[in-house]
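Letters A, B and C mark the chains in the order given here, with residues in each chain numbered from 1 onward.
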Amino acid sequence: MNRKNIFLCALLALALVIALHAGVRAAGKDIILATTTSTQDSGLLDILVPLFQKKTGYFVKTIAVGSGQAMAMGERGEADVLLVHSPESELKFMQGGHGVNRRIVMHNDFIIVGPKSDGANIRGMKSTAESFRKIASSSSLFLSRGDNSGTHAKEIKIWQKAGIAPERERWYQQTGLGMGQTLNVAAEKGGYTIADRGTYLALKKNIPLDVMVEGDVSLRNIYHVIEINPAKHAGINSAGARAFARFIISREAQSIIRDFGVAKYGAPLFYPDAGMKE
Amino acid sequence: MELLFEGIREAFRLLIHADPEVVRITLLSLKISGCATFISLIIGIGAGMLIALVEFPGKRLLISIINTGMGLPPVVVGLFVTIFIWRNGPLGFLGILYTPTAMIAAQAIIATPIVAGITIAAIQHLPEELRLQILALGATRTQMVWMLMKESRLPLLAAVMAGFGGVISEIGASIMVGGNIMGYTRVLTTATVMETSRGNFDVAIALGVILLLLSFSVNFILTTIQQYDKK
Amino acid sequence: MTKNNIRPILLDIRNLSSVRGGRTVLNIPEMRIYEGEILSLIGPNGAGKTTLLMALLRLVPLESGVIVFKNTPLNETLPHDTYRRHFVMVFQKSLLFNSSVFNNIAYGLRIRGIRGRELLRRVDEQMALFGIAHLRNRHARKISGGEARRVSLARAFVLNPTVVLLDEPFAGLDTPTRDALIADCEKILRASGTTAIFATHDRNEALMLSDRISVMNEGRILQTGAPEDIMHRPANEFVASFAGTDTIISGPVIKKNRGTLFIEVNGSILEIVGEAKIGSKVTFCVRPENILLSKKASRATSARNAFAGSIQRILPVGHFYKVFIDCGFQLIAHVTHQSVKNLGLAEGGKIVASFKATAAHIIRGAAEV
């Protein structure tokens, strides 16, 4: 029985050591990066973040949520730095004084994708708003993210431009999921959706959806980095946030962004924009 | 179907070649869920024994609450743990949001009522007089409690199974308090979801298979012990 | 069996009472237990036998009570845990642990820190005494009920306690198994000089094993005495009927003659030996084996009480028959199967029942001699 007791005590001690060890990390070295699912799902951050960590010694906790939720985290001071793509909300966020140093990082573009059968007959259209009207008038299934993400915000804007309120229509469904999963749902159900090109390209091999509409100026998808205003909340790692923001607009990171995905998909997923005027 | 077969083939290739990322995620899952289960065993068995053996007003109510807690939805636990430990939360000073520690805490909260509930049921299932018989053989209270635990070792093993099985396959709390950070809080369940949404079905399937194998082997080992014990 | 009186007192108990759910489940103003005796507690289910045993072990909350153990009152100088280890209790259920027979018997020794050779020696010795050495490595859940009972007893006896408390240890066993176990138990108890208090609802078990018997009902001890006293001189109707004395008769004393009372019951005159005032009402009992049945009143018998009656009922009870006879009052006799045949007993038939004046014992109404 004694031997058993010793064994149990040792196990308990081990468990506690592991539990505590897991939490021990210099607090000032942690950065919480709240970002969109598209940056994570494309795999871009899997390259940028480790490089940044290696160069600076910071530890980045990447929390991939929609742009809306990322900004909500920023407003509560639960994140240090944001990488988001929802310009209008971002401006509101900045006006509220929640962020500092909003800087352009990169862009890619949104595309409207749909089933090969193209029931709404929108393939090759130039006007996005016009294509949305046709989807509505033909009552073709449309999958919306419905998650306040940057993509969702863009989609809402296009509906407004088209003069349609689709929320209560039967052909309009909200998934409440990230970009990758929403594309999967659209593929399964044979519906249309709006996606960022990066995620679409990453998934393309597995989903039978074609690009229907692309190239419209209104489909441009711009990513900004925003540091959270340290004056608003205690505990913000503003030094870390600044370091990350500086890194992501650095020449080195920008060239990684430019080359990312070219080998795999034959075309870049993102276009570096640092220093450009909007 | 082709996707499925291709996915499974690729999954087994990843498994056979012990893909470092897959191995890392698996080990992290085991570490976090193992730790959480162990903590929940200590708290759950301790509290369960106490509740089962001591008479006090409100005991039935407490047991009902614990039994309800056996089905605590992980997302609800995740939500409350998050609210407590985010920077502006009551425990924000700990700075443990998006860390394995937070995941261990959340998973331990999920598993503890399961362990406590099974412990209470196990002890109450023993003959009423067994306690007295052990004391009547000269045992001290501590020796008596230890003996009761030994006597209910089979259901307590079931508690280990249920606790570990519950937390290793849980995702709601893990993703909320852990954040699915690569190499840090990315565990089998959160990685499976992420790889699915990335379209990497092969990796997702590989992770899923590991999860299945893990649950299976844990249960197999425990069942073997049980069968051995019955002999 | 009166040698108890010269044995030292082991346990002296005063004002022991226990209340559960507002009901007094135990109320023992005084009780003594002598070293080395076997005392049985008999009484119906719910009489408080188990509670009394557990109270002695301090396993039930007590309302009041003083326990003096070997002249030392149970208090700070004699802590409960030390006191408790002088006792072991064996419950009605075998309650074996989920382990081997050996481990079961070894448990009490192990928790007392006894290990190694001494442990092996004592466990093996005890298994031999109870004839279960062949079960040593068997799992305790895979042995028969009788074997389990032996293991349960061995698990207690191996501790060499000062007192063993046995709660219905033989209940539910078939008769040969039970009788063999009782014989073994008595041998082991006598050889070790262990004091035993033993609760049973079966008076036959008590008669087989006891130096003294206490009859309990509703948390009280009604009578304590040697088995013969309980059998033949019950203190009241309850003890009488529990001791198996079914015939209980009441009536006024109408005449006295040199130690013989003449009692009138429903027009018949019964003669019994005893002392009571004329005109007082007495209640007396006659053990069933002392009531004889014959076809006709015989002059040869010395019984002064012979009454013709009709047989109400013949009840087979194991190896004998219980015969209920209505003679204006009820007499209950035990007869053998052979006698039923020889006498041609049948329900509704006529018979003569007789008993000696000395066979009657006055329960109530007796005057002090």
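By our rule, contacts are C-beta pairs under 8 Å (C-beta built on N, C-alpha and C of every residue); 3 or more make two chains touch, one makes a residue touch a chain.
Since the model is a prediction, treat every value here as computed from it, not as a measurement.
Student: Could you name the chain whose Cα mean is nearest to the mean of all protein Cα atoms here?
Tutor: When every chain is reduced to its C-alpha mean, the one closest to the whole-protein mean is B.
Student: Across all chain pairs, which one has the most C-beta contacts?
Tutor: Counting C-beta pairs in contact per chain pair, the top pair is A-B.
Student: Could you work out how far the Cα centre of subunit A sits from that of subunit C, in whole Å?
Tutor: Going by mean C-alpha positions, subunit A sits 86 Å from subunit C.
Student: Could you give the separation in Å between the centres of subunit B and subunit C, each centre being the mean of its C-alpha atoms?
Tutor: 55
Student: Report the inter-centroid distance (CA atoms only) between subunit A and subunit B in whole Å.
Tutor: One centre to the other, that is 32 Å.
Student: Quick one: which residues in subunit B touch 2 or more of the other chains?
Tutor: Correct list: empty.
Student: What parts of subunit A, by residue number, touch at least two of the other chains?
Tutor: Residue numbers touching two or more other chains: 1.
Student: Going through subunit C residue by residue, note those that touch at least 2 other chains and give them in order.
Tutor: none
Student: What part of subunit B is in contact with subunit C in the complex they form?
Tutor: 127, 129-130, 132-133, 135-140, 143, 147, 150-151, 153, 229, 231
Student: Give every residue of subunit C touching subunit B within the complex, in rising order.
Tutor: 54, 57, 59, 81, 84-85, 87-91, 93, 95, 97-98, 107-108, 111-112, 139, 155-156, 159, 165
Student: Show which residues of subunit B lie in contact with subunit A when the two form their complex.
Tutor: By the definition above, subunit B touches subunit A via 3, 31-32, 35, 38-39, 42, 86-88, 92, 94-102, 104, 146, 179-182, 184-185, 194, 196-199, 201.
Student: Which of the residues in subunit A come into contact with subunit B in the complex?
Tutor: Against subunit B, the touching part of subunit A is residues 1, 11-12, 15, 18-20, 22-23, 25, 27, 30, 32, 37, 40-43, 46, 49-50, 59-64, 76-78, 177-181, 183-184, 202-203, 205-207, 233-235.
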